[in-house]
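The same chain A turns up in both complexes below, where it pairs with chain B and then with chain C.
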Partner chain A sequence: MKNKINVYTVSRFVTGKYFIFVLFAVVSAFFAMLAPALCTPDSLRNVLVSAALTAISGCGMTFAITLGGFDLSAGSIMALSTCVIASMIPEAGIPLAILSAFAVSVLAGVINGLIITKLRIQTFVATLATQVIIKGLGLIYTGGLSISVFGYTRMKVFSNAQILGIPLPVILTAAVFLVCQFLYSQCKFGVYLRASGSNRKAAELSAVPVEKVTICAFVMTAVTACMSGVITVSQVLTANASTGGSFALNAITVVVLGGTSLSGGSGFLGGTVIAAVLISIIENGLILLGYSDDIQRLVIGLILIASLTVKTFMTPLAEKEVAE
Partner chain B sequence: MMEREVILEAREISKVFPGVRALDKVNLKIYKGEIHSIIGENGAGKSTLMKIFSGAYQPDAGILLVDGKPAVFKRVYDAIRNGISIIFQEFNLMPELTAAENIFISDLPGKGMLVDKRALIKRAEELFDSMGINLDPHMLTKELSVSQCQLLEIARAIGNQSRIIIMDEPTAALNNEESRLLFDLIRRLNRQGTTILYISHRMKEVFEISDRITVLRDGQLAVTVNADETDQETMVKTMVGRAIEMGEKLRGSSIGEVVYSVRDAVVPGMFRDVSFDVRKGEILGVAGLMGCGNIELMKKLYGLILEGSCRQKLYGKEITVDSPGTAMNYGIAFVTDDRKNSGNLNKVSAKENAVLSILTRLKKRFLIDTRKERQSFEQYVERFQIKCQEDQLMVNLSGGNQQKILVSRALMTDCRVLILLEPTRGIDVGAKSQMHQIIHEFAESGLAVIVVSSDLPEVIKLSDRVMVMCNGESMGFLEGEDINEDSIMLKAAGFKDGSVR
Partner chain C sequence: MKKITNYLREHTILLTLLLMLLLLFVTTGRFRSLDNFLSILQEASFIGIAGIGMTFCIITGGLDLSSGSMIALLAVINMLILNATNSFLAVLAVLLLGAALGAFNGVLVAKVRIPAFIATLAAFYVFRALAYIITGGNPVSYSAPWFIWLGNGKVLGIPFSFLLMLVLAFLAHLLLRRTRIGRTVIAVGNSPEASRISGLNNDRAVIFAFMMAGLGVAVSSVLVSSRLWSANPRMMDGYEFKVITAVVLGGTALEGGRGSIFNTVTAAVFYCGISNAMTLYRIDSYVINIITGMILLLAFSLNPIMQIMEERKNKAEAGNVKAGGGR
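== the complex of A and B ==
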């Protein structure tokens, strides 16, 4: 009997929420062996920096998915915020430009939340629509043109600066993760979020402020998308409203790979961040091995399917019974 | 008689749904500190009345009085704040939350926006202690059993400072032992001053626990009586408005050769070494306490569980069942115990629900022969007296009619073996006795029937033979006069031929 419980706990640990750690260990060991160049400090720094964008927006997306929804408009919000920043820097300066971008993003998040709660439109459809609307607004705002701010090298700070040898994007990622984790695990908001995602009707009957929580969750995805936008502008010193096409899907990918349940109620921010790093390792590792971009996508897609398959087929019997 | 304090009163409450007068000027007083049962057939209006008491519905006419003062509940939480909690049959729990979080979700401890997790756990532990129940507050609710969820719901009601707890069919999914524990808890709460409103189909329980009983019939209050001034027979007659024969034993008259045999069925962790035969025209009851493996055994036989192994023979020929489809092709039909989740297609019409398994037979080239479809459907509607329109959505039918449709679906496949899980769970007395008659008739016509039920009187009434299971093992068979409550319960509790295992 005791033995049984151990097997159960162990297999649940490995195939359940924490599967991402196993996957991470296996894949990084694989690349470390095949491409030792990946293990140099510079290379690792690159891996982390390129993971930052998806990790940050993934944290916000974890909230939306824990709620049992999606935010497909994250990419458009990211693109719009880059446009706001780039267009305002020459006149208003960097701080005000960034603040404005955040204000615009919060507004976008609130609107997403209101459409979902007040008009009772499913998150998927609602954000599918706002994705197009926000992109449209961005294109109107910029006249469809790219905005360059090459002259404003101070903006580079957000991608180039290092503190104790750690690049700022990585520090920002850690900060976002910690704040989100705090909200998720230490605040009433976190419990309400899981409650609403787990059984919305029951949560409403228990006087959980489901609508407020929904709006907050979508503001979180919008704000984290905006942070990614800040780093993006800083990296390329250019903004274009039509970018960010696969941004939301990348974020959803790392959230799902990280172990957050798509059916809602159970999020795993740590998994999201690890999954973002994992994807980055795969991308960088494949480049070092001399493969093209296209192969990267193929591999990421296959890994996503493989990891979900392992979870489905290795989940202990007893747990499946409960899930039925 | 002493004048007692009225804690909750319904005055001239009416509620109309499109086409149905669900409640018609109902007057009901609930005394402080009593256990009051509300009984009635499905559709009698008891659920509607409870939903009005708990704020889920608002009455079209009439008022509610709490402690003699008029109260308007716009939503469930208003009722909760007035000390009235309802525990629905389908729980309102959040599966991904811990037990403790579920209890105190409306009132999380902690300063400002923070949650004080330690205080949360401590409060839950204290509450469980005061209720005398054993639950781990850290457990995720999705990992709890049905009876534990029930306890959790009750704990939540107590945690919300409820003075009145309404329970809708609380024992529907519990076995005898769990029901007994629940009753102990109800009595304990009652002694501590909680008023209980108890809704049930199970007459025996109602009499076991209630101080007073109210009967609703067709949306009207038929009678409210003290439990010790009446008896089960009278109450059942009042409920249905006609006399019903209860408990008369049905016996197969023409039991023939073995149709279906199972040997050495085993699924690790669920059951092992189970073997049995079912004969033509025979009803085999499979009884046991919840978790004894009888439900899982049937799921294995029907190809719903792929782990483990078992040898199955149909008319002496070895068969291999690896999916419900193959089972059906061999003539094995199956009716689920979980109507809501794995039986009904809720938003699909009654007719389509019924003919679902025989669509290939109704095919005319690439289309469905609608005339044949209707014929098949109507034949069963008539035979089973199903009250429904063919295009009525399944979700809008009463539990009894839904169940009849599901049984029709199975029978339409012209099966030779019929496996029924909890065939009368959550359906009213009238429909139940009809369902028993239907099962009996089909067995008489030559079907081999297996009935798994946690309702002992049902097993006793229907079965020609009973296999009792305990902890995943068969405890042996009972036949004829040996089929009685005592002998089944002894075996179910693990006594095999009088010796403890």
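== the complex of A and C ==
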């Protein structure tokens, strides 16, 4: 502890809100050197497109985690909305199908929120139960079969279209991020959200509508999950209610990696999006280097551990005590 | 009288499940057969044994999401060692390895101070990936009679795995209630700050609790792979949620500080009993999903609802008598 001030400033920068940027720079430099093929415009476009799904659902999940909760049912909601879209396209057309999927997911989000606020069940167990229920509903709705809409190539717009060379999923991600960021930092909702997340009792006493905020946050996770569903259908033109198994956990992973605290009260949407791109770089980079998806999962797990370890050990002692 | 109401209150979830089981018992003929009961007990032990370890973990206020990945990894390793050595030492090695992996999770949570949810989420990715890497994605099988007996054998007509669960539950109960480390586990869950100030070693208790979770998974992994005669890296996906469900249904609070091993084991049996009965009822497997979810919601909401009712009652009784108890 010789250069205490120096260590302090450096570690504050590295472990603070901007840790994810440092991590991002290091990892992407690493892959840029090892796999130069990753740096071509096409491959970068791929990286961003495959980051879109987790980035969008991560933005919604950031709200739930800022509240100090989780939404484990996001995967089931995503799967259900893909089924709704795919089954309705032939008869109702694409716009109406997508609208209905959004309606269904808003409903799911409201139900999640009501269960959490009215029945006072912890978010973890509540969404664990609704995850099973929603999946069951999806399976009954589809009869457990995959629904294909290969004939409806116009649905491809959501994954293939480009505006000024930028793929639509990337633009959608940016739009979702901007809207969420606006809600988070510029609106009353964001203030209420942070207040409810950091100290629920105090927020209630200060007349913050905690229950409404909770319901809204879970609607946000459901709606963003549905948006990921739209892009998924558009990419593969099939839907199956039993997909989405690790979807919620992936979203939670990017949110945490991005620097949102699990204890609630402070979310970091920018970090979530960057972390989603980071994961995508790792996945695409490892594929280019010829590794299978087992190694990808291994690396993602290790990076999660490593980044939180670095954070813990670099956080100055004084701050640690305050945090405790 | 007060004792009875207290008992009822503490065991609401279990009593509700018992009621459901009785209902099923009366209404379905095939459910009543002895063979069916034995198979329920056997299924339950695969969840219950891991649940015993998980109870320790949840009492500290933690959670282990890596169980499903860990059970696949351990089962695969178990089969590989068995094939290589043909020796029962493989089982011992797997138990040790399970404890070690659990302790690794514990160190991440206690020493590195990563929230349990995230630490074990990372382990969830890592263990599953390792299972794939070790086997190259292929199933491994082993069928020596002594090994197959572990998961399929019966003692006096009762499945060995169920008896093992009872013995382990008893030991774990003693460990939790009667030893220093067990009491520390409960103290940490109640208030980490208070237990630290009282000079207890919090970190050791947390690492111990996660180690128990790993050990429970290791025992289950041996039983499950013996039951199936084989193991593959894809197996037991979503297992951790079943285990956590059994523990929570048993009344162990996710915020930590209280819980009971026997209730976990009982809840595991009831949980398996109810899903078994639904299958016998020829309920569509998709509908079973929904009913299971509803039962979970019902069970989880019982305690909070009673709490709300109690609060109302306390309010009605006016404020001069301070309401004690309750966390």
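We take it that the second predicted complex is superposed on the first by the 314 of 324 C-alpha atoms of A that agree within 3 Å, B and C clash if a C-alpha of one lies under 4 Å from a C-alpha of the other, contacts with A are read in each partner's own complex, and residues count from 1 in each chain.
As a working rule, a residue touches a chain if its C-beta (ideal position, glycine included) is under 8 Å from a C-beta of that chain, and two chains touch if they have at least 3 such contacts.
All values reported here derive from a predicted model rather than from experimental measurement.
Ranking chain B and chain C by residues of chain A touched puts C first. Of the two partner chains placed by the overlay, only chain C lies in contact with A:R297; chain B stays clear of it.
Touch criterion met: A:R194 reaches chain B, while chain C stays clear of it. Of the two partner chains placed by the overlay, only chain B lies in contact with A:G264; chain C stays clear of it. When the shared chain is aligned, chain B comes close enough to touch A:S206, but chain C does not. Shared-chain residue A:G136: touches chain C; no touch with chain B.
Look at A:L164: by the touch rule set out above, it reaches neither chain B nor chain C.
On chain A, the positions that touch chain C within their shared complex are 70, 115, 119-122, 124-126, 128-133, 135-137, 139-140, 144, 245, 249, 252-253, 256, 262-263, 292, 294-298, 300-302, 304-305, 308-309, 312-313. By the touch rule above, chain B contacts chain A in their complex via residues 75-77, 80, 91-97, 101, 105-106, 108, 110, 113-115, 117, 142-143, 269-270, 296, 307, 341-342.
Residues 63, 65, 108, 112-115, 117-119, 121-126, 128-130, 132-133, 137, 237-238, 241, 244-245, 248, 254-255, 284, 286-290, 292-294, 296-297, 300-301, 304-305, 307-308 of chain C are the ones that touch chain A when the two sit in their complex.
If you check the complex, the residues on chain A that touch chain B are 4, 186-192, 194-195, 197-199, 201-203, 205-208, 261, 264-266, 317-319, 321-324.
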